Amino acid sequence: MSRTAKAAVYDAPNTPFVLKEYPLRPVKNDEVLVKVTMSTICRSDIHSYEGHRPNPCPGILGHEIIGTIDQLGSDIKKDMRGDTLKVGDRITWSEYFYHGECYYREVHDMPQKCHGVRKYGHDLAEEDPHFLGGFAEYCYILPGTWILKLPDELSDEEATPINCGVATMVSVTEAAEIQMGDAVVVQGLGLLGLYGCAMAKARGARLVIGVDAVESRLDVAKKFGADHTFNAAKMKPAEVTKAVRALCKPDGADAVIEVCGVPDVIPQGMEMLRTGGRYVLGGLVSPGANVTIDANMIVKKWIQMRGIHNYHPRHLIQALDFVMANRDRFPFKSIVDSKFQLKDLQEAFRKASERTVLRAAVIP
Amino acid sequence: MSRTAKAAVYDAPNTPFVLKEYPLRPVKNDEVLVKVTMSTICRSDIHSYEGHRPNPCPGILGHEIIGTIDQLGSDIKKDMRGDTLKVGDRITWSEYFYHGECYYREVHDMPQKCHGVRKYGHDLAEEDPHFLGGFAEYCYILPGTWILKLPDELSDEEATPINCGVATMVSVTEAAEIQMGDAVVVQGLGLLGLYGCAMAKARGARLVIGVDAVESRLDVAKKFGADHTFNAAKMKPAEVTKAVRALCKPDGADAVIEVCGVPDVIPQGMEMLRTGGRYVLGGLVSPGANVTIDANMIVKKWIQMRGIHNYHPRHLIQALDFVMANRDRFPFKSIVDSKFQLKDLQEAFRKASERTVLRAAVIP
Amino acid sequence: MSRTAKAAVYDAPNTPFVLKEYPLRPVKNDEVLVKVTMSTICRSDIHSYEGHRPNPCPGILGHEIIGTIDQLGSDIKKDMRGDTLKVGDRITWSEYFYHGECYYREVHDMPQKCHGVRKYGHDLAEEDPHFLGGFAEYCYILPGTWILKLPDELSDEEATPINCGVATMVSVTEAAEIQMGDAVVVQGLGLLGLYGCAMAKARGARLVIGVDAVESRLDVAKKFGADHTFNAAKMKPAEVTKAVRALCKPDGADAVIEVCGVPDVIPQGMEMLRTGGRYVLGGLVSPGANVTIDANMIVKKWIQMRGIHNYHPRHLIQALDFVMANRDRFPFKSIVDSKFQLKDLQEAFRKASERTVLRAAVIP
Amino acid sequence: MSRTAKAAVYDAPNTPFVLKEYPLRPVKNDEVLVKVTMSTICRSDIHSYEGHRPNPCPGILGHEIIGTIDQLGSDIKKDMRGDTLKVGDRITWSEYFYHGECYYREVHDMPQKCHGVRKYGHDLAEEDPHFLGGFAEYCYILPGTWILKLPDELSDEEATPINCGVATMVSVTEAAEIQMGDAVVVQGLGLLGLYGCAMAKARGARLVIGVDAVESRLDVAKKFGADHTFNAAKMKPAEVTKAVRALCKPDGADAVIEVCGVPDVIPQGMEMLRTGGRYVLGGLVSPGANVTIDANMIVKKWIQMRGIHNYHPRHLIQALDFVMANRDRFPFKSIVDSKFQLKDLQEAFRKASERTVLRAAVIP
């Protein structure tokens, strides 16, 4: 077989994406080759492209990917839920993979924290198997990846963010231990925050409050389950806190979820909580997120603060089930609000970077 | 009845304790009058005496108290575990009390966090019933207090700290979710830290590491279950962290417990933890415990940080049971290492303040 | 004040209800007098009326009650969530009450399990304060009851079942530890089962399967969140089990909830579960519910079986919040499908007993 | 290499063990060859030998095994805790193994419940690699097994039961959610029960009560942490229940653990529990363990019943750490109370079967 396929490759941070051809080789027994049907641009793709993350170059970015099975290794019979897999099936898969022994997975059930875990969209394009990122016509799925079949009724737009933003928010909202009737605050109403609002509602919250500094996001959040929103750019922090606490009777929010990536919101989140409240940090994924907190407030208010990074394989299944169960309730389809061809990846990145689109999709 | 009894009263912070007589009145139906057999000086008594806490004056300090029942209100038949109470029984009781409706108790099972909760050793001596602190011949127990009968075999020295330090550490170590075989670090080896080391062991930890800046405490800690100790005054923080991590194979401590009252140890505690580790803050009980942390480490390492203040009624029972079950294993008796008469309270406070004694007891 | 009011009283099991007048006395400081606006007939009222439960006679039945405050004791300022109470407010309240010390409440946070707990609709009508049941014009609320203000937008029909069936099902579904995406089976589609289906969905279940032997209930259940239903009267047990397991891919249900009151369904429920599944028993409230199980299946399948009876005060708040948050999603209003005057209580009981109505309401 | 080694093989249930020689082949990259230093006879070995379990024949029994590494596959660098492995190291390993994808492991973190999981001591001796059981000079460790290095100070007698009875009881006692100060009943004082008593104590129980029908076991249990014991052969069930409840003030045991293998004890265990108590079934590993229970008691008493079978990899580490941390407190060494050569396996089985020894060890 001497097939080749195209990929959008960048040679160094901030240099133009170029379409290149690489050979496609037959899959090994424990691999899958996927024909990509859609990839979306995640904020971390932009960080990588701008050189803020140590991605090897030349590289193919993109880890929010779905596609149809082109070749299926002979050892792979079923997806992670036990459904039979065959050529032609449309699938999603975990954005990370790890093969081999791992203390964190086997002892602590944290496969996402194995030392040496790898992520799609983070490899050299020049090396075999070349295709390990979303912005290409094909993608290989390597051993140690969790694969999940997609139901036909789900559109590509609804399905593509599942293996990154949606699954991460399943992990984050699970850690928030949301009980039926809880009052939940979401700090940051980007993609993660929108799914966060919707999931808080889907887990039984009575009241979801969103906070962001971009006015347009506040309106969108209301469609995703936020009962109230506050514009942090137009109110003083103390006013926002006071307004939130007034809504969360009798004594503050049961849970606060940080997905804005700004460490300075932490003291405010602590103020919003009731005694015994839970605080989950999910957005502070960049090093050096220094913030000064009053640790006495943690003690006096019995605050439980928890960091969540990435997700467990079960969260991928839950992410799919969440989207399937709530697609009539929340307009997930509208999140992917612009589509580009592979050759126009540069423009897609520009718009995603400017935030003039919510989620840019590439259809190779 | 025109009985009177003596109390050691201070008129203002840092003024001498004076023995005063106040009338003893018959108990109401829901009260108990106790003849104090021993009270110990808690660090917070010293803070109050020095004016760092807003205690009303003239006042009777002391909340770590035990005694024998002198009068029993007719409505009080049993202790909190269901054992029958009668005049002459030796008892301990919760250091705090609250009577009436309370959202936090009834909805969230946090009676220690009721708005308006009161504490023994924190009232005006001039007002009825006068005797509500430990440094006196008698003490009234008011409604909303949990009472617990003491077994005869337990010495006063072992029993007196139960209702404060021991019960608080039951609460703290419970929050640390110590599993069998865990590696646990205790930051601060004062009274709380010593009980903390012993409880970590009694909950199944395989490895307990104590850190303090006072050399003599390190030796004492080894008798209370610490397998290793480090002197934070003699090593650089990074060295301590490295040494701790080397002991906690393969990747750091499962739990860290802060009971030293110094917020600056928090970043170090975070470094010591493995991914997914638990951090319980128990000693930062004074306002303004500001500290700068890297919130990204909380996210990346999936740290669970939790503040604990005071204790639940069940922890008082557990505290007694812990001391009873482990008194042959750990030298609890040695913690109360000096005794004073009521008239010598001044000297007792001086020694406790200088830390030349571990726990000073007053026997009225 | 020499006011009187009417109540529907029965002198002995199965004897006619008679309207009687009893005096209304002023409330004590810790009591509330409520003018009843609606009471519904619970299955346990019928059991009591038929003599299967040891209710004292002559008695006033009814514990699913709402009403407006007629007199408010001077000590009662707020409801359990902290909202201010005043005369005229429409309220619900816990069906049970207990006043005084209680080991189970204070140590284990199980106030519903206090020895000596009392329930509305279970007292002698001849004794002060006479009005302690729902089928009367007034009802006294005694100390140790949790009171909760009702929002104006909630209809009486939606509000009345909250303090019994809805709150109990919050307790039951909480114990089922439903995770987002779970497959949940509900055995029994009476009032409890309908709320159970809806709550499973509201807690994030992807798949809710209802089983009952009454065909008409299966259709109703579909409006309350059941995705699939099976008629246990028309299929063999093994067929039902097989069909349920086929729906719950890959290996059975994550949780099964029993609210049918028939012990024989337990082995079937165990078969339906996946390894590690949860089984909550909520309907077996009558003594002598003997059933033979294969305990080896519990061991081999790691089944977690749990009994739930009554509810915690927090569940009352959650019940109200659940109904408020989901009243557009599920037709709660339709559950109360017939209304009667107090003088027609006999007929109401007859219809409720015959199950020709789903929930019969009495409007005094 | 044309080495051979000996194994004690049985050709059919209840036929004599015969020493046979099989070839030893070089290990593959992901295998280990161990020179067996000790194997102990588990009750399930006897069941297999007597034909009550479907073991293939001719076979080599034995899954409680330790030994030293003779050959180490090139892919195996570290044990499950991250310690480096080398030839000569003394190790234990999980009694079960599974290689490949598995829904239960990857989604539900239950690797012990993978479909197709295999167990040492359960294979045909005639097939490669021949040596997969304990009663032989060598044993191969196949991929999907968890390996754990043994500390030098631990004797073979203490170490051998770790990978079966001890680890299983870590799993069982974890499921019992033993809190500090709990009262715990252990039904059955065989090997599992003895470790169960000791672990309940090591997890902080204040009171451990053992029940068995063999008098001699009661005395042994007292050395392993049981505070009280009752002989079920000499007292009526109701008397035992009454006596146990009298010890577990105020209202029954917090947890009951079944490790006797007799389903009829379940109703008694339920009676012993307090409201809200936990019941863990660990001994009912044979099919057809039918028992009639009153399901109403589960509901009324809020009983949580849970079956536990086998153990998680983390429990193997905890089992080792438990034995290491408590070997001065409990006489683990005395459990292996008789030793045999490989050629005398028949006699060892006879004595183990007659229960004239507690744990028979084979030293090849």
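A few notes on this one:
For reference, chains read A, B, C and D in written order, and residue numbers begin at 1 within each chain.
Here is the rule we go by: a residue touches a chain if its C-beta (ideal position, glycine included) is under 8 Å from a C-beta of that chain, and two chains touch if they have at least 3 such contacts.
No experiment lies behind these values; they were computed from the predicted model shown.
Listing every chain that touches chain C and chain D alike gives A, B.
The interface formed by A-D recurs in B-C: of the pairs listed in B-D, B-C or C-D, only this one shares over half of its residue-numbered contact pairs with it.
Our note on geometry: chain A versus chain B, Cα centroid distance of 44 Å, whole angstroms. Inter-chain centre distance (chain A to chain C, centres taken as mean C-alpha positions): 41 Å. Residues of chain D in contact with two or more other chains: 81-82, 103, 108, 250-251, 317. Chain D meets chain C in the complex at residues 103-104, 108, 110, 113, 250-251, 263, 266, 275-276, 281-309. Looking at the complex, you find that chain B touches chain D at residues 81-83, 170, 173-174, 179-181, 199, 202-206, 249-251, 317-318, 320-322, 324-325.
Of all the residues in chain C, the ones that touch chain B in their complex are 78, 80-82, 101, 103, 106-109, 111, 146, 313-314, 317.
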